Amino acid sequence: MRIYAIAVFLFLYVPIGIIVLFSFNAGRHASELRGLSIQWYGKALSNPFVGDAFVTSLIVAFSVAILSSLMGTAAALALQRLKGTPRVLFDGLIYISVMIPGIVIGIATLVALVTVFDFLNPLLASIWPEGSKPPKLRMGYASVIAAHTLFTMSLVIILVRARIAGMDRALIEASMDLYATPWRTFYQVTLPQIYPAILAGFLLSFTFSFDDFIISFFVAGANTTLPIYIFSSIRRGITPEVNAIGTMVLAASLILLMTAQFLLRKRTRR
Amino acid sequence: MSKSDDNKPITAKKFMQYFRSYEKGSITRRHFLGVTGLGTAMTVMGTAMPSLWSGKAHAFGDLGDRMVFSTWPNYQNQVNLDEFSAMTGVNIQVNAFGSNEEMLAKLQAGGTGWDVFVPTNYTISNYVALDLIQELDLSRIPNYDPDANNPKFAGPATVNGKVYCVPKNWGTTGFIVNTKKIKSGPKSWKDFFDVTMGKGSGHTILHDYQLTTIGAALCALGYSFNSIDAKELAEAEALLIKSKPHLFAITSDYQPGMRSTDAWMSICWNGDGTQLKNDMPEMDYVIATDGGEIWTDFYAIPKDAPHLDAAYAFINYMQDPYVQARDAAVHGYAPTDSRAIALQPDSLGSDPILHPAENLMNGLEFGAAQTLTDPIRAEVMARFKSA
Amino acid sequence: MKVDNKPGRWLTAALLAPTSMWFVFMLIFPLIVILVFSFGERAAVGGYAAGFTLEQYANLPSRLKAFQNTMVIAPAGTLLSLLVAYPLAYYLALRVSRRFKLMLLVLVIVPFWTSLLVRTYAWIFILGGRGIPTLLEFIGIEGVRLINTPGAVLIGIVYGYLPLMVFPIFVSLEKLDKTLLEASSDLGSSPFKTFMQITLPLSMPGIATGCMLVFILLMGEFLIPAFLGGGKVFFIGNALVDLFLQSRNWPFGAAVSVTLVVIMLITVSLYMRMVMRSKTGRDESLM
């Protein structure tokens, strides 16, 4: 069992090892190793577009994760109380939004927004006071975040709902019987129980959004997220700069992980 | 007072410092060995060049700090881009595309954020018709000299008497052969497909680009590269689908596959042929005897370019003959500008891949505007890919 | 009973409002637009021209191979991911001490934080001519080609989506009441029997969720076939990107999208019915 786990971890990490190794490549082509150097880290760090793309991705992923965990959890809780046709309708929508492939979401959102913008922009321009420049609706942060959130929000609903289903109902009833306010019941009884699911949903939403290429590719407009930047770099003839970026993102998440682990351990010891 | 000092454009001394450091950067590259002399000339001339030098105080005033440049893979000298950034403070984001269709699709969807892009000759009238590119104000591109450019190449830039772009360079579309792996010496597109389906099975790359891939198949069948005849296209489709099981890949980024020797043969643009041959002498670039493409790429500015000043400054910089020559030394395509050609080292000026003999080019055609937009061609390519 | 009062109803509505808004503007509306477009015509220079024709749907057979590829490789990839992921999730959930559990779990997710693009690119190198085939030549096996084959795409799929499969299975195994397992072995059941009768059925919801997630993402996959299939292993996703970004045939792209959505609806409904019919599948865990 343990050997198997080690094998799977190797499978997961050998390609990453290769990425890291080649990020120290002194040569220009990513496919052949020609001595070691850290020049590509310097290049990546001094490249403002890498920084821009990283920040864009972080903003998008955080917004998506926060929006989906809040909205998803709220909806999951409310759905417990919903019955009849609205319930069926909602279940259907959740089901469809999770099921539709990202590429269709990307394309449908693009086509729909382009159509709406083509209709609204002249309208806006015509009613706008003369002399000032009318605003122009276009793809940007809002469209990516909204498109990502559709999927991740439903993901959170599913995760949280599964947790609620497996939750001990007796506790809630006991709390109610003891005349706790609904808010208190939620805060002290429900939330601690569904918390792991919300956290899992948050993490999944974040990673989904941070890593998504295809939806962003269609609806990000002039914004460049990290995956879009990397895709473009690979197409322009990959240089070890991309490896350096990948390595830095990996290192950052590892540091985060270790800090979290360290803090947790410290707390449990106390 | 000190504030106004900060705002001063780059000083002469600083400029030379920047310049030298980038020269150093260029010398370490193998590709540049042949052009170091050129680089030195550039430094000397740079001081005397009005466009690069004295005009900078105004021209480089407030260009912002970034711009987006959409172009093709392996198509620019990084040293030029770095130098432009160092001189103007404008950082350049380079996007690489696989086909003109893809650029067109992006521009049609809108909101690209591009400032400068590199369309090919046959696309320009389409862009103008769709109102996607700007008419250029040539007074802002003083480095561009219309008289120095061969009208055969520069012609498509002018639509209805208005100039929409300036030439970057021209080239041919043929194929590249790894002669260590394929010894039969294919000379035509017919040979190309025969070898693909014969001895070289599993090791050929076709472009992910209808114009060149369908064009190659059409030439192999003895038709025009530009054909939009339904019957001829159906035959080309049949040939492509028949060859599909024998392909290594369908991709416009064929250099990695050729370099790793996974692929032995690929449709190829001549400059990429030079780049490959520089590193691997066994690579042979072939202009097919049964036809092919000759083309010019241009610099153009999309209608909604967010950094217009930077875009003009960049195009003007890239039109400088020395910069052009230095660009060509890396990407291996021939400038259309006679001033730049004059600056090329003899080895490049007489290079048969860069400047093929006229008789070899007789069979080559410029791509036609309707070749790009023809719905049958688009659909044939899409069917071939999903076959 | 207690919640079925008026303020409760308002609260429910308020909690559902943002989600409903999202569904209307980001799901229903775009899908209607796509449906309308799928009956239109391709404009002369590409894009969409209004019209009413069934031409786009009649042209669907020209993408048969892409549909076939997707319909074969997506389920195969899902199954393969499950087979690789389950033992790992089991190990993490039941065999690892609390102290390392979180760390190992995050280690499964961390690769997910490195761009899928970069990781897939690493596989181009590993599977390419200078990677594994060269190693195989050393031990005498020659002429192996991995890159740009369905096999390469499958490897990329398992690699890319493993964390997504491990996570839900882990969650469902984590939830599992360990006293049940102990009781089972105390009653003399063999480990295999315990697994088949208790662990596996109870982890079904996780398996179902994981498989569905991976399957859905695979049905729309674009990157992995594009990188590891070299344009030769073509998915619907690739055909769609092609239609929108190369041939600019929006109406046909819309028709292919609609068809893909319909196929998804049918397959996933059948799948869910199957899961629910099996005695242990609990619908709450799925949906």
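Labels A, B and C are assigned to the chains in the order they are written; within every chain, residues are numbered from 1.
As a working rule, contacts are C-beta pairs under 8 Å (C-beta built on N, C-alpha and C of every residue); 3 or more make two chains touch, one makes a residue touch a chain.
Since this is a predicted model, take the numbers as computed values, not measurements.
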State the pair of chains with the top count of C-beta pairs in contact. A-C
Please name the chain that ends up farthest from chain A once chain centres are defined by their CA atoms averaged. B
How many angstrom between the C-alpha centroids of chain B and chain A? 36
Distance between the CA centroids of chain B and chain C (whole Å) is 39
Whole-Å separation of chain centres (CA-atom averages), chain A against chain C: 16
Spell out, as numbers or ranges, the residues of chain A touching 2 or more other chains. 31, 110, 238
What residues in chain C touch two or more of the other chains? 128, 130, 244
Sites on chain B at which at least two other chains make contact: 256, 260
In the complex formed with chain A, which residues of chain B make contact? 29, 65-66, 68, 71, 73-74, 91, 93-98, 109-113, 253, 255-256, 259-260, 306
Okay, in this complex, where on chain A does chain B touch? 28-29, 31, 47-49, 110, 114, 117, 138-140, 221-224, 232, 235-238
How about chain C: which of its residues touch chain B in the complex? 42, 44-47, 62-63, 65-66, 124, 128-130, 145, 147-148, 230-232, 234, 238-239, 242-249
Which residues, counting only chain B, touch chain C once they are in their complex? 99, 101-102, 104-106, 108, 126, 129-130, 202, 208, 210, 244, 247-251, 256-257, 260-262, 373, 375, 378-379, 381-383, 385-387
Chain A partner, complex, touching residues on chain C are 2-4, 8, 11-13, 15-16, 18-20, 22-23, 25-31, 33-34, 37, 48, 84, 87-88, 90-92, 95, 99, 102-104, 106-119, 121-123, 125-126, 128, 130, 159, 162, 167, 171, 175, 205, 209, 212, 216-217, 219-220, 222-223, 237, 240-241, 244, 250, 253-254, 257, 260-261, 264-265, 268, 282, 284-287
